[in-house]
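Take a look at these structures.
What follows is chain A paired twice: with chain B in the first complex and chain C in the second.
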Partner chain A sequence: MLNKDNNRTVVSRRSLLGKGLALGAVAAGGGAPKAAEAGNPANLPPNVPEWSKTLGDGVAVRAYGKPSKHEAHVIRRDVEWLTASRESSVSFTPLHELDGIITPNGLCFERHHSGIAELDPHDYRLMIHGLVDKPLMFTLEDLERLPRVNRIYFAECAANSGMEWRGAQMNACQFTHGMIHNVMYTGVPLKVLLEEAGVKTNAKWLLLEGADSAAMTRSLPLQKALDDCLIAFRMNGERLRPENGYPVRICVPGWEANMWVKWLRRIEVGDQPWHHREETSKYTDLLENGKARRFTYVMDAKSVITNPSPQAPLKHRKGITIVSGIAWSGRGKIARVDVTLDGGRNWRTARLDGPVLDRSMARFYVEFDWDGQELFLQSRAMDETGYVQPTKDELRKVRGVNSVYHNNGIQTWRVSPEGEVENVEIA
Partner chain B sequence: MSKSRELVALVAAVVIGGASFAAAQSGKPAKEPPAKTAREAAKPASPAAPAAASAPTKVPYGIGREAKPDEIAGWDIDVRPDGQGLPPGKGTARKGEDLFVAQCAACHGEFGESAGRWPVLAGGAGSLASHDPVKTIGSYWPYASTVIDYVRRAMPFGNAQSLSGDELYSIVAYVLYLNDVITDQDQELSDKNFPTVKLSNEANFFDDDREVSEKAFWKKDPCMSNCVAGAPKVLGRARAIDVTPEDGKGPRVE
Partner chain C sequence: MLNKDNNRTVVSRRSLLGKGLALGAVAAGGGAPKAAEAGNPANLPPNVPEWSKTLGDGVAVRAYGKPSKHEAHVIRRDVEWLTASRESSVSFTPLHELDGIITPNGLCFERHHSGIAELDPHDYRLMIHGLVDKPLMFTLEDLERLPRVNRIYFAECAANSGMEWRGAQMNACQFTHGMIHNVMYTGVPLKVLLEEAGVKTNAKWLLLEGADSAAMTRSLPLQKALDDCLIAFRMNGERLRPENGYPVRICVPGWEANMWVKWLRRIEVGDQPWHHREETSKYTDLLENGKARRFTYVMDAKSVITNPSPQAPLKHRKGITIVSGIAWSGRGKIARVDVTLDGGRNWRTARLDGPVLDRSMARFYVEFDWDGQELFLQSRAMDETGYVQPTKDELRKVRGVNSVYHNNGIQTWRVSPEGEVENVEIA
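Our next item is the complex of A and B:
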């Protein structure tokens, strides 16, 4: 299992840069961002480019379509030094390249503990047993005969922004905030399956278990299971991707994504939590006094400006400028997002555009006329429960710096007069 | 430790999550009490089930078949702190040492100290309230049952569910011995006495209390203008730490 080269393949920096994309010469720490290249004069007026004269690919040549080859830099990325192996690791969603609220399936961040399990859907089984009247076994076809619902939810890793507890560390929005995706799931309410089995009166907890070789388990309060959890088999219309749990995962709306067990194979009904590895050793939040919170399920209100950001510098210098970002809360709908250009001295309320849904990402924009001076950009989310996204210092005051998970502190981007953007902490 | 190394170490601890250590099982006893099969056909939704869900609930649909006891026994591998689910078997730290060295030490070190970035299994006692907490089985984990459960289901990394019941108890005994949880190499652990093994940090966990301890985050009206005096001053820069992968370094895209 321990590949000497750690299974990592790397393309040269050159092969992705220098394609006229001006893509983040900045994140690497380089100089000022360059304006988009002028392009190939042969393709520009008054000339008639090749694509206006010749036939392109016919239908079904691209039987399953991919993005334009000019978007080849829009990919999940990982941080080599972060983990011991690629199989128990994470890749990050390129938030700075996306807009709206739906994450394309191929870009949804990955977090595996034993690699991607490749299940044959014909051999898929979901077992429900324990404190039930009748233990049940479902096939994928069975699940698809039950009434299903469609819901758009974010799934955010509890460790998202975890690298930033002690200070600004990752100079890229993708790495500071990219352990999140937001898709439309199609699935059967878990409640329906539990009612099929008949839950006994002393039942209080469920154990969820995956079919991969980590056999990931989490204890889930029965109340949550009966409320809004989904046994999902589709994302954004199509089948789940293998890396996202094909053929079946559970959605636990608003709660840390570790609980969204992929390749779900078994649900046991019990009367107490199991205190398994992912809810004791991991996903418990160590405080400064040496005590630790457990069962910190909900992901609190959070936001980040995705553009501009270190990987997406401002190339136009001064003039009309758009700030764009995302906000979300595990406690309900986003009620408001405020944005500051001067590091929190003054705030303006951003424009939410597109659907604002319960426990889903919301998209916000602020348009302003940039005078070309240094900016300190921040966003501050509020949700419908009245929760206001705290600063990192406010969080540290309560929790210290060792709690690893649940960092929803306000992010600061410094924009230089040249339009370069960096991850900073400020006073 | 330099600032950047310190941050790197923290993150590695953060995200790794995945690979802890060694073992699993092959003896798969049925731990479930015999399934109660007789469900009254027309029984309404369980009385335990409060109303809520969002889909039509005409119950039951009669979809899915009954899971058979041997099917459940084959997949039901979870262990609880009270001992429910313990597989049959027995072992000692003395027997576990060789197994650990053969099956686990390549990643976790011969004494649980870990190799490279692989998880540290032992040590760190008394470090939890320090600047650099070392969270191991001995210093942090609340329940010994979690060790046997996790080893059984997920270890060795890449060869999960391969250990016999006796191998499992022996390896777990050795790991507990490394952590001074048991001090006698010949003390036998088994499905009979395992729940008596207690870890020292159990009392230091408490249920999520954010809605009380962080009540201040539910504010009435956040400040909108002239909220901070003076110009922003940069205190820290990710660029100075310089651990962000360069653009262009990423998985190969065809």
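Our next item is the complex of A and C:
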């Protein structure tokens, strides 16, 4: 009956009740709890919880709201041994604690090179100079008088999953894949600003520079800037957060997040790349033959199962079970995600649910009847260009294991009969 | 050149620089600021701000992030004289401080009848009983083992703009229109739960009951429950916030938010509505003839200009100016929004930007060249059913002015030559 007029993957009644989802049936004769009768507290049964008997906090006591105290474990985390200091380090999004495709601003991963620069928006300036007809300086208010757009994009650090090149290492989805967030950005197309300044015909590259004390810099091809880059000042409706570039960062859709310079203060227009630190000693991919790939901008299609995962084990021992995960591609929309329960012998196509947008996270689910035996879970993303997410071994054959960047290989989680999950590789 | 390969409304170079956007040109010969040279602070010019010279906070110091200290004014606000107590009251979303279509969780409006119920998720139960084959009790973990979906929906209180029936009154967009939020909900279709319980053939209505001490109740037609209602446990990816029903509320897409019962603990299946307080003395619309409209569930198409508005005046005196606002409809997608600058004499079609989704907020913009004279700004939404947002006077002719609910009339903002904005009505 449930499937009759519904073409989505839903579970029929028999499969749920028959397959280990032990829903508590209300005891016969026990009757249903009655609504508390107003004005007669004596009518309340003794087991009515405190929250149904007393007034709670009034409105706007929490003028800017926070999560429940029961969700205090849902936080960004760093890995102390991973970097020499916390000012030049990373904290990871708790992907295993999220669903859907929007990352709440308070949980978006951070990657800083000199800590969180705390800019005063009144003193903020963005300069555009170099090979332009007219160098320009913009205040934040200037930027907000230019036509703006709203786009949901993922931002992924090139080093996401970087620890896994040499084998399964980080036993947590948050640490293997948590250098990604997906929010709605609001900003002005960079093209609008460049047209105002008047780009000279010999211009080919831009230098992007941050206002943090690391003065983060990257070279950006002019064509990408004209195609789709945004000078962004909002995420998920509100102002950028300090750790994500308040008041202004650049969005470089589909490209590695290191290029999404935060606290953006300067754009220089030139005719060649600058070869600064972040595109020479860092963010290049050293191959086995001693050569390095450089300017590896695009984040290839990738996916990961977020639940179950090492930090989110299964709490039941068999029966109806949901696998949930995320997929994304720097080349366009996700077209399909396949999931295997047995390490790649058999694959099934996952249900994509929620908006599937260009260069945005997509959410996928597989519902299945777990027999309680060991599982080897993997997901494999395909994007609209036909690109298929490779295995880690396929990547290693081409790239070797010297790099920390651009590991978009298929992730394997082993689920034990007890529901515990660990990061493994299967030969 | 700017418009050549782009079919969006963007402003050509001449129109921006020619029309009062006084961008600061960089002084000739002044040169561009150089990137701070690492290791040689003495090279920094004296006017380099502190944030470009010192390390900021390291990662995960703010394990759950907060907005910048410069955004402390971006908060929900209540109106002290509006209600007898803050436990049975409302706080409003600061719409004039937001952009795009996602409301951050910390800014979603609240409406409580007995304050914020603080449930412990481990003790949470949802009971389904009444005209069912098998009464059932669900834990939160049970709900999370059922197939779930992700949908971006607006939730609007039926009383939104309710103070305006008798004329312009609240001089703030936050208070005239701020009882609305728009987030991505994750939840299980209610249909799945009802199929599990087995609804009897004579069933026609559901009673929804909250676990707060007001035991909030509403009657819901069974057909709506089967069509599209969600038993939701997440908003924007993370758990519901306490003030929005943690751990479980119901989403009733397109219908008045009073029916979106928070802290949902009980669903009773019956054959007729219950006629409880919230659908008799409240949430009915008293007409001039003494009769009342009841079960007025659907939120009709509506829109409002959020910027400029009384709390967000124009800071410039003429030139390129952006009007930004939101539109939504409980009957489907927004098809079009028109904007007038002169109180309805001339209309232009706004640019919708960002996802335009079924029963979700849509964002619109109009860019225009302000001559510095008085403006009378209005927006008018049309949805995909062909419904056109009415004027307030058109509404009053049909409904009178006795009700506080379902005022979706066109809002007028007067902008003075000084850029100040006030809530007015024009005859």
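One rule holds in what follows: the second predicted complex is superposed on the first by the 381 of 427 C-alpha atoms of A that agree within 3 Å, B and C clash if a C-alpha of one lies under 4 Å from a C-alpha of the other, contacts with A are read in each partner's own complex, and residues count from 1 in each chain.
In this text, contacts are C-beta pairs under 8 Å (C-beta built on N, C-alpha and C of every residue); 3 or more make two chains touch, one makes a residue touch a chain.
Fair warning: this is a prediction, and the values are worked out from it, not measured in the lab.
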item: Touching partner for A:K53 - first (chain B), second (chain C), both, neither; value: second
item: Touching partner for A:G167 - first (chain B), second (chain C), both, neither; value: first
item: Touching partner for A:H70 - first (chain B), second (chain C), both, neither; value: second
item: First, second, both or neither for A:S329, with chain B first and chain C second; value: neither
item: Touched partner set for A:A292, first chain B, second chain C, both or neither; value: first
item: Touched partner set for A:S281, first chain B, second chain C, both or neither; value: first
item: Contacts of A:R145 with chain B and chain C, given as first, second, both or neither; value: both
item: Partner chain in contact with A:S309 - chain B first, chain C second, else both or neither; value: neither
item: Chain B versus chain C as contact partner of A:S379, first or second or both or neither; value: neither
item: Overlap of the chain B and chain C footprints on chain A, listed as residue numbers; value: 1-2, 9-11, 13, 16-17, 23-25, 75-78, 85, 87, 89-91, 111-112, 114, 127, 129-130, 134-138, 142, 145-149, 189, 191-192, 195-196, 198, 209, 213-215, 217, 265-266, 268
item: Contacting residues of chain B [partner chain A, same complex]; value: 3, 6-8, 10-20, 32, 35-39, 43, 45-50, 52-57, 59-67, 71-72, 75-82, 84, 106-107, 116-118, 128-129, 133, 135, 137, 140-143, 145-146, 149-150, 153-154, 157-161, 204-210, 213-214, 216-220, 222-228, 231-239, 241-253
